[in-house]
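Some structures to go through are shown next.
The following pair of complexes shares a single chain, chain A, combined with chain B in the former and chain C in the latter.
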Partner chain A sequence: MKTDTTPFFVGYFKVPKKLRKFLLSAGILLVACLTVFGLLIGSTQDDPGNGAFRFDYGRQTVTGVIENLPYPLLHVTEGNDRIKAGETLMLAAGGKMGVMARTSGFSGQQIVASGVLLERGDLNMLQLRGGRQGLRMAEGDGTEMIWEPPVSEPLGRWRIAGEICDGKCLAGAMRPGRGLAHKACANLCLIGDIPPVFVSSQPIEGTEYLMVVDKDGGPLPKAAYDYVAQFISLEGEIERHGDILVLKMDADTIEVLP
Partner chain B sequence: MNSAELLFAITQYWLIIGGVVAALFLVVGIDRIDEDARGAYVFRPLLIPGILLIWPIVLWRWWSLESGSYDPESRYKPVRAAHKVIALGMFIAVVGITSIGLSVRQQWPADYVPQKLSEPVEASE
Partner chain C sequence: MSVKYIPVQWNNNKYYYDAFMLAGVVGFLWFFLHVSPEVLSHERPINPQVHNARAFGACAFLMLSIILAIGPLARLDRRFMALLYNRRHFGVMTACVAMTHAGYILNWYWAFSSSNKYEALLFSNTSFGQFAGFPFEIFGIVALICLLVLAATSHDFWLRFLGAPLWKRVHYLIYIAYISVVAHVSLGILQDQQNHVFTAIFLVSAIVVAGLHVLAVLHERKAGDPAGAVNTEGWVTVCKPDDIVEARARIAVLPNGDRVAVFRLEGKLSAISNACSHQNGPLGEGKVIRCLVTCPWHGYQYRLTDGQSPAPFTEKIPTYRLAIQDGVIMVDPDANPPGTYVEPVEIPS
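Up next, the complex of A and B:
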């Protein structure tokens, strides 16, 4: 009977002589290929930018007026060292939750908001603390508590290109907070009423970030969810509310870019 | 129905069919094809999660054992002969899929200039 002398690898035995060179070469080649492959894939990814939670600023407490669009904006009337009076902040709760339900009773009223700031360039968002610690009426006899939000300034109808993101991850809750890899997270945030933000290919009236609402002023239209995180062009009316631009998007005009 | 709803619907129907298969197999089928399982019941609920996921394989195996078309020696046939081809195929697939994915990836429209189509219709109050 002929004996089969083909070397056979068994992990807990000494490596057969004939297999040593092959195993060593295959091991080195595998590690080298994976390293190069990883570096190549990494080099194709976009820079996540400098958006971040600003825990280093500490807890921020400001007074301001709520404007529900329906996503709430806070027009700051009494700021602090970091957030100046006159600035406009988007608001969110912890996790993937917005604060539309919490702010609905405060429309046009002077409130005190407290939380952590998220910052990316000129895009600012305040993640509110829970309950009354995060949002409460400003103290006073009530007569000076009713404020009119700043007058909105219509800027006309535009056709713009870019990407619909969720405002919280984009502002710094996630890195990266945009792009296809982030689409599922973005849609969950948007379903949770986090304010959507359109990132424009080029600045419009000085900013590339626009809060997005439906063309009739309602929340983000359902038709937009399929296009979140894709590069698209669309039309819509743009208005300035405080120092934030609001895009009233026309979902019928969406075109996916090549 | 958008993409997410379609995925949810497919998952839902898959699990519903899996539930029906699990009920039939654990009540009727398992006794017919596995004599060691006869009279043993406590372990059967433990199989439910697995059957929910791989119910087509459960049905195929049930059918092949019932019909006698299953060759019990087939599981001992050596598979090493195919390793080289499969390894090469996986390498080509990984590189190919990655390359195709990168080549069809959208490009950020950095050159797209926002166009103002019309002036505001009326001043906001």
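Up next, the complex of A and C:
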């Protein structure tokens, strides 16, 4: 009669001797593999870019003039140590909210803006404090507050390649703040009127960041949302407003690039 | 095999199993979260929420891959059967890790807006018609729901409540979960990486899981249980008595698709259903220990003569009548009701 030599495991009994070594090796292999994979995957994460909230600069308060495009730009007229007069800032509120509604009554007016700076290369954005503490009319007798926006300089029609992002995450509110895994978050920011920014794969007039508006000057067209975070090329008129380039995108010309 | 509700029936083997599993998970997370940032030369670190989410997400994927590899491995090499025992703890742990991943993601990407984060999760990206930019989060949600259902119903209470066949069918959700995770990762983070180390580990893991399943199927086809020939009275041929090893069984497939396990013990033969009443485990691959057939999956035990678990347990499985004709074991394919006594048949010397 045949006899049985295969070890038989029963959970509530002691492990048979013959199986012990095998199971111990399997357990050690499991722990070793998971640990090595943890190190391997963890240490090969992509660089999230150098954007950041600059809390280390402290609160920034500057005077400037609002230009609503419709996303607001702040042309700084009286700066401080960090932000110089003549610089142009994009604006946002806390969280995933823009400030279009708050700035709409201030077009061409001299205002005092206060908040924390977000910085990524030459992309600067000021996250305003809430209410009047973040945005108020500059004091004065009223006459000096009428301001001519700097003449926008048209730079012609371009076809450029790159990615539509939300300007705030990109500028450092999130790291990483761009790319396809971040698309839903970017959409949500854009729905909240955070200024969209096109990151060009080639610098244009010295910058890779362009604020995006619709070809007729309205906010980001609905058709653009499907292409947010994708590598695309598109056409549009580019204008310089202060030291920021603004792309009037033509949604009909979008092409997805491989 | 419990007579009253006990959350977990702990024993030393379960402690060892869980200790290795926890050591693996902690090792993965610790090295990912605390050792690797030292290696990365980023000017500014990845946000902790995203870093944590990635660590827990990758960990959940690997855990799920390991869980799914155990089944086919056990079919290919019986020694792995020991890892099937307590696998549900692995599953519950995986659901917890996956849930943590989802929590970090949800409370980061969908927080800070004026919308409710759960609603925002559903409306923020609706580009369903495209590959790049597809709302891959949806696959993550499907996988997470599956894992939570599996974890919630993993206790034997649910097994009894739903009955083994339905419970097993529900637990095939693990495959939907895995396929969803593969889609979630493929359309998500894999579309958004410059460094492809994770891509390689992901692909190899998924291919190993799929490959092991294919190998196990091929192995079953080659070495699977034979369908017994039927004689004129409708009884089914199993094998010769000497083909059966002492305290072990041979399995035969009956014309109706059920399996019978014929055991040999101290010169006598008995036939019982091959399906364990717990989770349909293959009793015929079990062993007789102290006169009781012991299931190889979780150790439920049955008497050979009547298919009943010894008191105080109450489980019962069907028995079969058998006979030896011309030196060959024949089984009546009509099963007796569970718990029916059948006198063991002596093997003629």
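One rule holds for everything that comes next: the second predicted complex is superposed on the first by the 215 of 258 C-alpha atoms of A that agree within 3 Å, B and C clash if a C-alpha of one lies under 4 Å from a C-alpha of the other, contacts with A are read in each partner's own complex, and residues count from 1 in each chain.
Keep this in mind: a contact is a pair of C-beta atoms (placed from the backbone, for glycine too) under 8 Å apart; a residue touches a chain by one contact, two chains touch by 3 or more.
Note that the coordinates shown come from a computational prediction; the quantities given were computed from them, not determined experimentally.
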| item | value |
| --- | --- |
| Partner chain in contact with A:239 - chain B first, chain C second, else both or neither | first |
| Partner chain(s) touched by A:15 [first = chain B, second = chain C, both, neither] | second |
| Contacts of A:201 with chain B and chain C, given as first, second, both or neither | first |
| More chain A residues in contact - chain B or chain C | C |
| Chain B versus chain C as contact partner of A:225, first or second or both or neither | both |
| First (chain B), second (chain C), both or neither touched by A:42 | second |
| Partner chain in contact with A:152 - chain B first, chain C second, else both or neither | first |
| First, second, both or neither for A:257, with chain B first and chain C second | first |
| First (chain B), second (chain C), both or neither touched by A:192 | second |
| Which superposed partner A:160 touches (first chain B, second chain C, both, neither) | first |
| Those residues of chain A which chain B touches in one complex and chain C touches in the other | 41, 44, 46, 187, 225-226, 230, 256 |
| Complex contact set, residues of chain B against chain A | 2-4, 98, 102, 106-125 |
| Contact set on chain A toward chain C in their complex | 1-4, 6-15, 19, 22-23, 26-28, 30-31, 33-52, 94-97, 172, 174-176, 179-185, 187-189, 191-192, 225-230, 256 |
| Chain A partner contacts - residues on chain C that touch it in the complex | 9, 11-14, 16, 20-21, 23-25, 27-33, 35-37, 39-40, 42-47, 50-51, 54-55, 58-59, 62, 66, 78-83, 85-86, 108-110, 112-115, 120-121, 124-125, 127, 129-130, 132-133, 135, 137, 188-189, 191-195, 197-198, 201, 242, 244-248, 286-287, 289, 294, 296, 298-299 |
| Touching residues on chain A, where the partner in the complex is chain B | 41, 44, 46, 151-162, 187, 200-202, 204, 222, 225-226, 230-231, 233, 235, 237, 239, 256-258 |
